[in-house]
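Across the two complexes that follow, chain A remains constant while its partner is chain B and subsequently chain C.
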Partner chain A sequence: MTRTRELQGYAIALALAVLLPFIEGFAFPGLGLAEDFRPIFIFAILGLGLNIIVGYTGLLNLGVAAFMAIGAYSYGILTCDIYPFQLSFWSATAATIVVGALAGVVLGLPAIRLHGDYLAIVTLGFGEIVQDALRNLETITKGTQGINPLPSPRLFGVDFQSGSYLPWYFLLLFILCSVALLVRNLERSRIGRAWIAVREDELAARCMGINPVRAKLLAFSLGASLCSLAGALWASYLGSTGEPGNYDFQVSVIVLCVVMVGGMGSILGVMLGAVVMVGFNSIVLSGLSDLLARQGILSGENVFAVPGNWKYFIFGLALILVTRYRPEGLIPSRVVKIVAPKKAKGA
Partner chain B sequence: MSDLEVFVQQLITGLSNGMIIALIALGYTMVYGIVELINFAHGDLFMLGAFMALTLIGVLGIQDQTFATAPLQCGLLFVLVPLFCAFVNGAIDHFAYRPLRKAPRLAPLVSAIGVSFVLLNIGLFWGGLPMDVFNNGHAASAPKDFPALVSNDNLLGDESNVGFTATDLLVVGVALPLMVGLTALVRLTKLGKAMRAVAQDPTAASLMGIDVNGIITKTFMLGGAIGGFASVVYALYNNTIHFQMGFRVGIDAFTAAVLGGIGSFPGAVLGGLVIGLVRAMSDQYIATQWTNITVFSILVMVLVFRPSGLLGSRRREKV
Partner chain C sequence: MSDLLQLENVTVRFGGLTAVDDVTLTVPKGSVHSVIGPNGAGKTTLFNTVTGVYVPSEGHVRFEGRDLGIPFRLRTIALCAFVALATALFAVLAVNVQTIWEQAIIANYIYQQPFPWSKAMGDAFVSLSTLSFYDGGLPLVFGFVVGGAGTYAVWNASRLTPDKVAERGVSRTFQNIRLFQNMSVLHNVLVGMSGKHRTRFLDVLLRLPRYYREERMATADATELLDFVGLKSHSTEKASALCYGDQRRLEIARALASQPRLLLLDEPAAGMNPTESESLVELIARIRDRGVTVMLIEHHMDVVMNISDRVTVLDYGKKIAEGTPLEVRQNPKVIAAYLGVEEE
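Up next, the complex of A and B:
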């Protein structure tokens, strides 16, 4: 994709996202499509975080849900009135970004010595450990109850608890755009080039004077801080951290799906991936459920007729088909092909 | 119950569960040894095997029988379920992994995660007795009871505080011959020799006239069949199965394979026994809710500090 076409892509995406609520309000009132974009924005931020780790640096991380959980729970602890901190939205969010970065370093330090699939399994283990620890440390995390209620933010004189979804929609869109801009600038900076060099050939990168350990650690920590930010937004948006089981392996796989389907290393691709994958789950499947229920076809009698029961199938099939037929994703990265065949095993 | 009795009880439980974990770990280790792929879907294949066993029990109509009253039909489970799992694993390799043989190493792993999710969804739809897929939509995701075809009566008598049942014997009776047989197969037969050759160097093996893809498929089928035995034994031992059990059991088994040294058969068995014992002791002496964390911590520690495992050989990084 050329640079002009990429800029056009950003412009179109932004214009569509800004106009969507208004178009819907005029043309299809009551459809509720724009409302459902809020989780998509959050998953897009998660995807951009994972994209730094797996897309640019080539480290397969299967535990991003853990970073999300860490963000959500630290946001909960910093804002909920049963704890002594009770920070405001912005300061708590800033703090969770720092906590996420630290968590990334903590996991990164032991993990980056590993390669490929072993690294993937260690991150998966980390994800499960965090989830179980949150469940077991009841005195701090309230166990399976989750931390709630979290105060609704009040920014720029707008009360986010009012009936309209628009404040959240535009806040999340604004944060997503800032994140995308940040990631895009990183990609073109010295750091971004170092990540891609390490991904393509660690030995060659080292010979060129890049410190691979530093590059990988930075990728882990930046990716983790973005995922942590997404977790904080998630908790704030829901008004609760929810139970630790909400941040399980499934979530990590959904985020991986978002990045793989959209296109590894491609910012616009990841955002499209979030729309396609999360949108399918939360808009198409739930819409289908409602429709079937209204038509009287679905009465909870037949498990096959509940579209929500197909979600594992859809995410699983998406991963299989994308790796086989379109490893570069829907919108391939501009920089270099990532999962294109390099050399045969053992060569 | 005295302290010693508690300990002995946990020892028995741990070793029995460890044997089952070892059987599944063998499936991971065989596949990793030959194609260097963590077959992420193996745990879910094991889960499907257990559902197949439950369905077969319904089809054969032996839900109220035991091995004593209907030995033939019960024995049939140990033939049909491994065959089913072997076939499914072979098919998975053919459709999901073989096209990716020349792709970068992470591509098949991502595909394996996808397969795992697809199998999980099949498990969600799969009901109970007999092929009661719909069960009228009620509690599709609920755990299913598995009939006690093997008695859970204590062989040591009712007065004994330590329980040792026919299911414990069953586990040992199925697992040990399988492990011996598998080792013999790999060491002594022509197929085993071909498998070792492909594991060492696929290109050289194909130059020697070995059908590399065929051998890989056979390895997958063999690993799947052993997983199928594990499914039946697990279901008979625990008497309850659940569509999400594959993930947890799979992680335990993978940890066992890595702990023992991935690619090594004795390592997988040793690792399985160790993980089984650690789980049992952690349940008893730490707390049940911390057991998974204990196992994951072992996994992370081994991978980080001794990636070659207890019995594995250290592999040099190839440039």
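Up next, the complex of A and C:
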């Protein structure tokens, strides 16, 4: 994809996203499509975070949900009025990003020296440990209750608790755009080049003066801080952290699907991936459920008749089809084209 | 001419195999020094030792009179101590976080009343200081030992690594081409400049003017290098799209990007036809004229004999001869190593 075409892609995506609520309100009132875009934006931020780790640097991280949980709970503790901190939305969000980055460093420092599958196993374990820790630190995290209610933010004189979904829609869109812009700045710079070089050939990158541990650690902790940000937004938007089980392995896998289906290393691709995967879940499947229920076809008895139960089957199928027929994803990145990584030993 | 690189009794062993056996050699500044020998003689291992991929089992590699690799300094102790303390603190907090939270936060916070911060801090310290040995002392010691020892182990393993050697001014190419295949030709060279970047993370993240200035200068330097090796017109192509000889040239350009004082070329003429290797000889001569000392592993004898100031011959990891190309060519030991000797 050339540069101009890519910029066109960004412009079209942004214009569509900004205009969507108005078009919908004008042409199809009551459809609820734009409303359902809020989780999509949050998953797009998660996807962009994981994209730094998996897409650019080539580290398989299966513990994204853990960083999301850390973000959500930090945000909860910092804002909820059952704790003394009670920070505002922006300062709590900023603090959450820092906490996420620190968590990334703490996990990354010992784990980053592992390669491939071994790192994936460590991050998988980390995901489980964080859930268990949150469940068992009852005095702090309220265990399985989750932290609630979280105050809804009041920004720029707009009350986010009011009936309209528009404030959240535009806030999330704004944050997603800023994140995408900053990630793009990094991608097209010496830092992004170093990440890709480490992924392509670690020894050669080393001999060119790149410290691979430092490059990977930076990627890891930046990815973690973005996931943490997404967690904070998620908690704030729901008004609750939910219980720790909400941040389980399935979330990590969905985010991985978002990145792989959209296109590893491609910002636009990841955002499209979020629209396709999460949108499918929250718009198509739930719409289908409603339709079937209204027609009287859907009954609680037959598990196969509930569209939501087909979710993971369809996700898996999508993943298989994409890796088989379009391994570089829906929108392949400009510089990055994924090929099977070859392991060359020695020089 | 002063000596740029000195190998003193360098021995590299892999288990029972001695790949490089007691090799001593010096490379003067501004020269072209070739290392030749039959396959498996330890030439590439020697290069890997110089660039920090392997650490010599015995002996020293000195570059510009100093050992490659970081010496043990006060900073190392400070680093280990800092990480050890941080880990110890983390361990203690991790074990007792609920107790401290209860005594400092929950005990002091009355719903929607202002929170007495200083009292809470005091209570947190009291809570920390009254911990039993098993809750406080044990994690403290454990964290301190693990953190300190871990940091020292990591530091020790990274004393002599290729990236540090590259920053000192030693650069290399690889026997089997190791370009970043999916990056453009220009970006490959830009990656070679990694050690030279001075902008900070925030400059890059927010695209401050400093970032643009550095990026512009780096691109100009990289384009100049591509011009130097004759690849300027290919700069936007993907590296894997280049033909074989051009990939070799790109590797050289990438290696030169770090402005090395010593360039190690591992079989640059492998797989080249006579015309290509002739132009390679000419390129190496131009590199030498830029003031870069070149060390060369090569099997093409026409390349070696044309360009080298001195030649070292390895066989089974041992240095069997050294001298000018002419001397080496007439050395009976060298002829024996290459062609074998008749049994008497």
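By definition in this document, the second predicted complex is superposed on the first by the 338 of 347 C-alpha atoms of A that agree within 3 Å, B and C clash if a C-alpha of one lies under 4 Å from a C-alpha of the other, contacts with A are read in each partner's own complex, and residues count from 1 in each chain.
Methods note: a residue touches a chain if its C-beta (ideal position, glycine included) is under 8 Å from a C-beta of that chain, and two chains touch if they have at least 3 such contacts.
None of the values given here were measured: they were computed from a predicted structure.
By the document's definition of touching, of the two partners only chain B reaches A:117; chain C does not.
Residue contacts after overlaying the shared chain place A:320 against chain B, while chain C stays out of touching range. Once the two complexes are overlaid on the shared chain, A:60 sits against chain B while remaining clear of chain C. In the superposed model, A:217 lies in contact with neither chain B nor chain C.
Judged by the touch definition given at the top, the superposed model places A:189 against chain C, while chain B stays out of reach.
After overlaying the two complexes on the shared chain, residue contacts for A:137 are found with chain C alone; chain B is out of touch.
Put chain B and chain C next to each other and count what each touches on chain A; the higher total goes to B.
Of the two partner chains placed by superposition, chain B and chain C are both touched by A:203. After overlaying the two complexes on the shared chain, residue contacts for A:261 are found with neither chain B nor chain C. Legend: residue contacts after superposition of the two complexes on their common chain; A:81 is shown touching chain C, with no touch to chain B.
The interface of chain A with chain B overlaps its interface with chain C at residues 110, 203, 339, 344, 346. Chain B makes touch with chain A in their complex at residues 36-38, 96, 99-111, 113-121, 124-125, 133-137, 140, 201-203, 247, 251, 254, 258, 289-290, 292-293, 296-297, 299-300, 303-304, 307, 317-319. The touching residues of chain A, when paired with chain B in their complex, are 58, 60, 62, 110-111, 113-118, 120-122, 124-126, 128-129, 132-133, 135-136, 203, 249, 253, 256, 260, 300-306, 309-313, 315-320, 323-324, 327, 339, 341-342, 344-346. Against chain C, the residues of chain A that register as touching in their complex are 81-84, 106, 110, 137-140, 182, 185-186, 189-191, 193-194, 196-197, 200-201, 203-213, 218, 335-337, 339, 344, 346-347.
Looking at the complex, you find that chain C touches chain A at residues 44, 47-48, 51, 53, 90, 97-98, 101-102, 105-106, 108-109, 111-112, 115, 120, 150, 158, 161-163, 165-167, 171-172, 174-176, 178-184, 187, 190-197, 199, 201, 204-207, 211, 214-215, 218, 238, 254-255, 257-258, 266.
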